[in-house]
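One chain, chain A, links the two complexes that follow: it is found with chain B in the first and with chain C in the second.
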Partner chain A sequence: MSSDVMLQVAAVEKSFGGFQALRGVSLDVAQGQALGLVGPNGSGKTTLINVISGIYRPSAGHVRFLGRQIGGLTSDRVSHLGINRTFQVPKPFGSLTVRQNVDVALSHSRRSRRKAEDILAFLDLAAMQDREASSLNTAQQKLLDLGRALATDPRMLLVDELGAGLSPADLDIVAAKLNALRQEGITMLVVEHLLGFLAKVTDDVIVMNAGQEIFYGKLEAAAEDPKVVEVFLGG
Partner chain B sequence: MLYALVAGILFGLYYALISLGLNLSFGVLRMVNLAHGDFVMIGGFTAVVLYSSWHVHPLVSLVLGAAAVFVVGIALYYLLVPRIATTKDPEMISLVLFFGLSQVIEALAVIHFGNNEQSIFDPVFGTQPVSLLGQSLPAVWLVSGLVSLVALALVYLYLYRSRLGYSTRAVMASREEAEVSGINLHRVSAIAFGIGLGLAAAAGALAPFMLGGITPDIGTGLTTTAFAVIVLGSLGNPMGTIAGGLIYGIALMLMQTYLPSWASLLPYVLLLLVLLVRPSGLFGRQVRSA
Partner chain C sequence: MRRGVWRDGAILLAVAVVLLLLPKAYSNQMLLFQLMVYLALSQGVNILYGFTGYLPFGYVGFFGIGAYGASLAMLDLHFAPLLGILAGAVVALLLGLLLSPLLRLSGAYFAIASLAASQAVYLVIANPSLQNITYGPYGIQLPNQFNPIASYYTMVVVLLLAVGVVLYIRRSRFGMALQAMRDDPVSAAMSGVPVVRERIAAWLISAALAGVVGGVFAWQTSVFYPDAVFTLSISIFAIVFALFGGVGTLLGPMFGTVVLFGMYNMIGISDPQYFQLIYGLLIVALVIFLPDGVASLLRKKGIHVL
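Right, the complex of A and B next:
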């Protein structure tokens, strides 16, 4: 493993009964890299994020973070090691206030140097910190989900379709925030359907189909790749 | 009428105490503990045995029983729940398993205590009735109301004023996001489950007085009543149980005053009505997926 590889996924498989959602996926994410993950629905992107973040235990293969085997660890332990994630459909702690949502994650972080005020200000949520999280709109809930993840002070952020459902203006704002986080040194794996958004926040992309990687490289090059074209346009 | 209302409030607080633990464990586990009422029965027999053997005051037995059952609850959680959680259909398996646990506890209680009703007949809470809002009531009803209020207040402080409580509410809202946030799901859930059973045992210590006596088969009916109370309040929202308990208690007392022969149907009727008219409970926001 190269010394600057932060996350290494090696031949990971994940099956649900007879359905194989991941079929030997391998990828490396280097320190400081922002890697995109695209593919049609059901291609295994979110399943991969779930395996890395500890929600699913891999059926086979290895997941290493900073050289340490993390495949099969529970999500809280993965979080303590420095990986956190956002959810495609965030479910904030609805009866808690916005501030308390961040505070809960802060209080369980073993490495956080961040402050709730700074996180909420960064995400433009400071003005609504005393509101119940359930009262936020979708875009605000997604930002709060990002705030909850940031509260654990992650070295690596797994971003699962943060752009879905956001207005073009909100997308620009969120892209700028992700880029700012990257400038801080946070490595990212970004699952996204919105290619324009992805182009703003990632360097390279992996294209997945049917639980396998079919392309790795620049997003522009993906559009020229015959396998990718076949998957997205049907040949 | 006023007597029924005052008595209903006191019994409502008591039924909230009986039911709160079931809601707490449902909130964190999303499983209905069908053995919940059996822990009320255990608390009741604990109080009866400690009093008949060593004249331990029921309020002392209440604390001792709740503490012991809290520890047992945590052990039981780690013995059962992590295994259930990894099965393909944890909700269904949990129903079967907790039902089986209920049957085992009841059978053991029958072996040890027999089928006859047992109680504490000495006037440990005095012989003089007390006056509340102009109504003359047995002193133990007032004691029960106060004990229930203290227990409910302690649960409120735990849930809304402690770090553990915030974590517990986070787990209730979203297990996945809570765990990803660094919360040890099993530790938080085990403590909530233990507290839930401890509350049931605490309520049990008052059962010889509030319910007239204890029999080994009392648990099944109490689980049903507790389930009706938490559905009435709000499934998965522990503090909604207080409202559910009060409504149930007042309705029960009104029924016993005006339609006594129908009173035993009350939990089932309320359960059906709430599920038909407002499935999220009278004070709930949404139905939890169980």
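Right, the complex of A and C next:
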């Protein structure tokens, strides 16, 4: 383990009742890295993000962020430490305006040096800042989700299928935005089905299947790995 | 922001003027007092349900324990009425703290558990074997404290306080966090909102308010049985008044209270049990079909209710 590891997930397990959604997942994300995470539906990607972001307590194993044990902390504390995320199905505050959605996070952040105007402009949401969030379409809600996460001024961003459902043109725009955030120094773990999108924003990828890591390396190499090929193409 | 503070001040002043002039225009002071009790209690429900989504069927428990806390402080500790009322509020606050784990329950379970808790408090207080402490099933008498004028104006102040609290919550970071939590607690937590703490804060504010109102009620009435301050219909009324007008607003619960309490007094006095039933059913209908009350109908027409 090198000294610039930002997030360390070690042998994490998560069960729901009798069902084991994570069966001993270990991974490191280095400072400044953008790590991709792929795998078939139900392989545990969202569950892993939920454990890291404090929504679920791990059944076993450790999560460390900047050397500090965070597994089992509540989401608000995880957020204060500098981890934030988007949701696969966006979760805006529907009855609040777009601007208020960002303000809630800004006003509760212990870190933020960001401004609501900048965040909304960056995400092309400035023109609709006074609209109720529930009136936005899914693509806009996903961006707002990202905006709410950015308002906490995260050091690390967990991105859960931000690309799903976006048009090819929007995909390019979102990929460019993630890259811009990375230029600012935000470390990322990016879950994505769309490999073209992933290739634009990440360096290495992890492939998961049935709650376990089956591959770590370059995206191109994953396509030639027999275990990965079997999971995606085999029965 | 600045303009908002002036506007809130103007609202408070207007409410104060109306409350102070009402007794001159309408001579049934007893009824006006009850109206104020429900105006305040429906704001308490508003704070809890309107800003957190928790429906407290046991809300009357805080009212009752406040009435008893105040009365026992006056009877046994010889507190002056205002100090006694404060003591009642503290007791309600402590009960709220004790019951705060109920907030871990979701929706319907919370509603039922809070109801059960209020009934448990009632059974303890009305228990004949605790008569030495609680005065048991025969209730409370405060003959030396009876002062309808002073207790009336104390209620005016308490109601203004309730209105002030709701106005403050609506504009504060705290209120915005509560609304965010109501929409999506997971997102709110991820935004850095300490969800459990904020929810408990709203619960305690709402509990203390009901406790104060209960204390003033005890003072005004001076003689009451335990049933009078623990009856489920107090919860039902406060909830239906708040829901009907529209929670999350200031004026909605006030409107709901004036209309539905007025209706109750015009036609319901002779057969109150029917009203408990009708208003109970109305709660169900409102929760299902019109969760944000009359205020939401106006909002659809572009009229923003304060």
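Everything below uses one rule, namely that the second predicted complex is superposed on the first by the 233 of 235 C-alpha atoms of A that agree within 3 Å, B and C clash if a C-alpha of one lies under 4 Å from a C-alpha of the other, contacts with A are read in each partner's own complex, and residues count from 1 in each chain.
What we mean here is this: a residue touches a chain if its C-beta (ideal position, glycine included) is under 8 Å from a C-beta of that chain, and two chains touch if they have at least 3 such contacts.
Computed from a predicted structure; not experimentally measured.
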Practice task
Using the overlay on chain A, decide if chain B and chain C clash or can fit next to each other.
Solution key: clash
Exercise for the section: Determine, under the contact definition given at the top, whether A:20 touches first (chain B), second (chain C), both, or neither. Expected result: neither
Practice task
State whether A:179 touches chain B only (first), chain C only (second), both chains, or neither.
Solution key: neither
Exercise for the section: Would you please give the residues of chain A that touch chain B in one complex and also touch chain C in the other complex? Expected result: 53-55, 74-76, 79-80, 84-85, 87, 91-96, 100-101, 103-105, 107-110, 145, 148-149, 151-152
Exercise for the section: Sort out for me which residues of chain A touch chain B in the complex. Expected result: 53-55, 74-76, 78-80, 84-85, 87, 90-96, 100-101, 103-105, 107-110, 134, 145, 148-149, 151-152
Handout entry: Parts of chain C lying in touch with chain A, wherever the complex brings them together
Key = 173, 176-177, 179-180, 182-184, 186-196
Problem - Complex contacts: residues of chain B adjacent to chain A - result: 163, 166-167, 169-170, 172-174, 176-185, 237, 285
Practice task
Under the touch definition given earlier, write down the residues of chain A that touch chain C in their complex.
Solution key: 53-55, 74-76, 79-80, 84-85, 87, 91-96, 100-101, 103-105, 107-110, 145, 148-149, 151-152
